[in-house]
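Read the structure below first, then the notes.
The letters A, B, C, D and E name the chains in turn, as written, and every chain counts its residues from 1.
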């Protein structure tokens, strides 16, 4: 028993699992739902307990272990083993997972609590309330597996597990076919990512095996990554012809494969399409899974594998560029959306892009920092949106809202805080994390075109501020555009809903100070104020850039200005001069339509991939090859041919006339004798 | 000069021949019972008595045959053997006797149903059996021809035994004309062989056979044609479907089994004794015949609607499989042929008997469609039929498989010994043909089990004791031979105080006793 | 015997045999076909006897004798078969008996 | 009596397990002949017998020694000694798993079909248990002849099960199933016979014994040339005929078309056993016979077989996706999944082969479960068309839950059984066949597509069809069945070493045997690494 | 003398054989031709020193068999050749005939090549006594079989041809 072993870790994921299992088994075998109080206790108790354990363990971790060897491991048993491949079922708590665990269990617990209020009035005959929380707990379990996994395999368990829970929860209201379709879409797109992830695992494992360390364990891989630094993969002729070079660096390839997985999970180009659709799920789900936790798994994975990415500049560049482009691209779509949750969804995609940008430029701690702050404010925003939706009786179209400020004051205030935070207004949390990312991008000399990246980031920051405030104004200010009937029933939500909002709002405000850049810290005389960065650094090995404080503050100022400019524009168009909007929209008509329709990427995918594949499968494979060629020609064809030989030809030799039989005998006999005497 | 004749050598034939003499007398006696006993014996009872009597004669013969196994091969006349009672002959005789017994037992009720319940039937069967027994033991062409005719002529008559039925007439006429024609060819071939080699004895033919002389070869060829006709090998097979279909069902069974077994015995003997000097050429001919028989038989059987006709084609194809064993030659090939024939007899008689049991009031229910839903109306019959069909198609666990296995095995062994691939090709052809054969064999159980019974179902009622006996023993034999070929004869061997005897052993010993 | 030797008889036998065969093949009257078959048997007999003379052993003659017995029986049975056919259907044309086919 | 019992259980355990089902039904049939038994007696006796079989299998499992090598619990009795044909049984880790699968599935299937089959129940039970004996025998026999007998005997009960209790095209399907399978195996018979006689030329007596467990030599001791000699004595031909038989059984593309028909037409228990166990015999045949006997030819043929396997993975998935019949969809998914297994086998490294064998069990459980579940809904609605359903999760939530679990297991969700096998297969295959693995891995995506498509069509969406609105959820018996099926899914998924431990030794031995018999496995295993450059890539050597 | 007899008998035999086959008018004519053929053959047998066979040929064939044919023809009261309608499959039949003719020609050629001259035969060869002795010693089994055959033949003929049984 070394100091690093810690059997408490297993309970962090297991508690939600147990809760989920209890609920689930009850659902299967019992005739009726558990008492609602029991459901609530079980469902909320588990994540809260996990959170408590996490806090205790993280405190122990950071206090009892030296900075350079801060990790706890909880090894249960060997999960999969064959030949020289071994994967333990083991959990790892190190600073990186510590931060994530706290975020997931913390924010998760809040959302569980919120969900009690949100799902309260869901009228279901099939015991939906309990089922919902079973799924939610299962999700928490999976997410914790993902985070705490000690090796790629356990991470993959969580990785897929969250995908399934997401699938189940998106399609929670399955009676609407669209919801089920959205869930399926999410899962399938995630699977495309998992395809890459799996290949990445294979590539890494075999490379390490070849180098003599067959492992998929993070720490072991990190320790031995040097062995692979110079490995290259020989590409097949066609690929090397396309790419222009004969072989690719192994780590780059492996990291790219893994990144494909991250793209799927974290909704990056080109696999982002599922996330907006995923808003079909209940709002707490959107908040928990599709904003605060699951979608950041990709970022977490990249940070977790930072030891490999740091040695794979090509992969890093790909990550950074994908992130930046996604951030910008999604932000533009966000400009024209009218569904309150869709706006938030695209903003999530966009913010995830920021995180990848950070990870790509090796600012891993900044990425995690943004993961954390984003979890606070985006969860807040979603929950706020949920509150609005509840208040509006499940109306989600912001063009039918307006003026909710007075009717829902708490929601209004907390939502506003969230909006300010995401827009990057100091000193709200979003400001610090975003600023750090942009700074890192600006300084990432190793990445080709890092200045362009920075510019894109700035542009996105502007757009973000704009569309978030557009959302805010459309929902909360001005006159209500809702129907009379709805208007009469608008009401503030209950305490189950509001308490989490308030807590999250608080963190959205102060969250930034966990990672207050050292430069700011010095202003207040605090040494190493970027505690998060220093906490994480031993694990993630972020790039350090030496820049003077003036530049740092200057860049911050630019960022802030850009954000404020966005706010100003939004205020102009959606608060002061709403009459201008239709004119502008019609002026850029086709472009607006294109953006509103999300650039019709879904349709494009449908046209290019889904339909052709379906047509080929149905027409060519199922009908042509299966029924036509193999069965028709090959199997039945042979059978029919044999039968036809008899029916069409041989049969007519059997004429029924004795003399024709004799004739056959004579001719056959003559041939027989002729053959016998052939040699004489 | 009176030669030393060993009458005991032909002891197995004597009871049957005696039966030929006695049965007409017995029948007359039965017909005259009103005079003798003052009570009339009904036609049905008479049939039963006669059948019982026939079976008695046959079984005495069988016992004598089995008994002869334990003795060294005997000949009737050392100077001029005529018959050679070696293991192969005895084994084949046993099969013939068994086949005949089963056919006779199945017949007594059936004859009534086709309104042809005449006692001559049994006389004819027994005389044919006499011929067969001599045929399989014949060691010269004189006895071979004579026995062949003694075997065939009664069967010609039996094919037409259902006098009132045009189909039966036609069947007999065709069989008779074509058969006589084939006998003529065989006879002429014998004559040419005689001329070429100076003898009609098989051993001596072999000694002075000149493979370079056309006359010898023509003679051999013509004899082969004659025998190929009897085993219904393509292209000398075309009579068989017509005859089997038209003949009374139990006679079809008799023809398909006993006649074929005896003919194969003659073929085996002629080919491996007389034609040994030209075995390569002869095997070449038989190779083609085998391939053709299997293929044509199976392909044609596929399109048959009439079960008897289908079984006829199936018997043609089985002749093809059997020829592989003949070609493989040697002790293993012979053993394979012997066991195959035994297996084939049980499964074929079983199948035909099922058809005959379903006959009522002169109407044969012999189309495959007539069997629809039989599993529900007559489950026992359906089960026996299925067992026979699965055995015919060579399903492991049945006798048919053991036969096929031994044949293939002999072929492979011979291929390995000679290093030639031609036998393997033949085996491959056989295997592909077995695949084709599934198409029609499986249709029968499918019809019986998967189709609902027809609106006018098969005749109800139970099989008679005799029929039940036949069915049960066929099914049991098929399964026993298939599962425990090694232990298939323990009862009989203990009866005969033979140690450690089983079918395979017996066949193998028999094959070994065969003249080289 | 001069210029006549075994092969002359053999050729006569061959000729009769093939005439018989042709008769079986070509004639449609069953009775005539049957007679042709008898011709074939006779030809074979001639051949046997001729060979017997040539070889100088009596086996051929024995067989020839037995063939006659067989022929007699065959004729009796064959004609009976034909009679029973004709009773059912007034024809001796072989082509009229072709109900069984395929 | 007690002594007999002890002997049976200690020395004849394998025989007892194998023949218990057949003995049960034969005894029942005998009693039936004497005094007519009520159907329920048949049912309960059959179920009890299969449960006893399961219990005995657990005894077997416990008695099995994972650490010792070779065949265990060997039984031997002379059968046809002149030909070297014996009754010899034995078990290794691979067979153990498959025997366990069979023994597990049978009671479940019987219970699942408790009310489903209501015509000719006696015959049905007869055939089911006879089938079980056939399957177990094929897994356990150590004599090629015996193996062949069992292998073929399985066809008969299945033929009747499909043909009697099947759907509208049952006769076509039954015939197709039978003929297709037998065509392949007949050629294998030729191969088997050639081997036995080769044994004679090399060791003096013909033998069908595979390992020569009874002291003598066996087929596996033959040296079979890969070149030279007559074509039919070479490894290439012999492997070919074995592989064809097994490929049809698996079934591999393009020999798979019997499967959809058989599955769709077969009654639920038939489909479940067919998919659950019968298909495994094909892959089992590869592992047990084709690979170790003809290792060089196996390597020569491997690229083609892998090509077909991978094609099957993608092809099966794509075709499954466009099916409108739920059973057909699952059937094609089998084609896809079995492709994975073959890929894993031909990876020829310990991960791939272990994964493949484990995946056999997984597929048996998952697909068996899917068929049983489909059967439950079919029993209620008598349709299987996807379009006829929708929204069933509302009326049948429990059913939906189990179906979802089975689906997730089938698409390889980590934590459930499918993943472990699939992962090991792909991991193993990646080293030797990287590109094939990349293509096969896309099956991971496709399986999600078609299975979730089915889920969505059946369970989600509006509950529009009035016929569906009145459906009742699973009853107690059905829940027990479903739970029984779900337990191994979780067990294998969470703690696969229970199942891989007995396997390790057997897989190692397989690979050792192949190497010993002349296959250059190392170069095959590295073949793929060479393609992706993993082998010669450390440092300087790469530059070429 | 022998040569002349040979030619006479053989020409008669072949010609009457042709008469059997070629006579399309009435089967009675065919039967009569058959008698001629049988008698001619008997002559040839005598030429071949097979007096016994020749004798039996006359008795059995000419005396019994052909008479039986004639009886049956009369009994059935057959008119004409029995052929009704056109020849079926004329081409195929022609082909068959061609094969037979070709085979015969080839066979004749084969038979006529390289035969040794006839040996002298011992006294009594082919006489009734010689054959009889052989038949009842060495070949007694065949005689027995022939006996069974005759009995079977009688039974068969009776059962098939009798007008009414019982």
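Quick note on the criterion: a residue touches a chain if its C-beta (ideal position, glycine included) is under 8 Å from a C-beta of that chain, and two chains touch if they have at least 3 such contacts.
Please read these numbers as outputs of a predicted model, since none were measured by experiment.
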Chains touching both chain C and chain D, listed by label: A, B
Identity of the chain that, by mean CA position, is farthest from chain C: A
Separation of mean Cα positions, chain E and chain C [Å, integer]: 5
Interchain centroid distance [CA atoms averaged], chain D/chain E, Å: 70
Distance between chain centroids, defined by C-alpha means - chain A, chain D (Å): 37
Whole-Å gap between the CA centroids of chain B and chain C: 26
Sites on chain E at which at least two other chains make contact: 88, 93, 96, 100, 103, 107, 111, 139, 142, 146, 149, 152-153, 156-160
Chain D, residues touching no fewer than two other chains: 179
Multi-partner residues of chain A (at least 2 other chains): 639, 651, 654-660, 662-663, 666-667, 673
Touching chain combinations (by label order): A-B, A-C, A-D, A-E, B-C, B-D, B-E, C-E
Partner chain A, residues of chain E touching it in the complex: 88-89, 92-93, 95-96, 99-100, 102-103
Interface residues, chain E side, partner chain C - complex: 2-3, 6, 10, 13-14, 17-18, 20-21, 23, 27, 30-31, 34, 37-38, 41, 44-45, 48-50, 52-53, 56-57, 60-61, 64-65, 68-69, 72-73, 75-76, 78, 81-85, 87-88, 93, 96-97, 100-101, 103-104, 107-108, 111-112, 115-122, 125-126, 130-131, 134-135, 139, 142, 146, 149-150, 152-154, 156-161
Contact footprint of chain D on chain B as seen in their complex: 390, 394-397, 401, 405, 408-409, 412-413, 415-416, 419, 421, 424, 427-428, 431-432, 434-435, 438-439, 442-443, 445-446, 449-451, 484-486, 504-505, 508
Chain C residues within the chain B interface of the complex: 6, 10, 13, 17, 20-21, 24, 30, 33-34, 37, 40-41, 43-44, 47-48, 50-52, 54-55, 57, 59-60, 62-63, 66-67, 70, 73-74, 77-78, 80-82, 84-85, 87-89, 94, 97-102
Interfacial residue positions of chain D with respect to chain B in the complex: 78-83, 145, 148-153, 155-156, 159-160, 163-164, 170-171, 174-175, 178-179, 182-183, 186-187, 189-190, 193-194, 196-198, 200-201, 206, 230-233
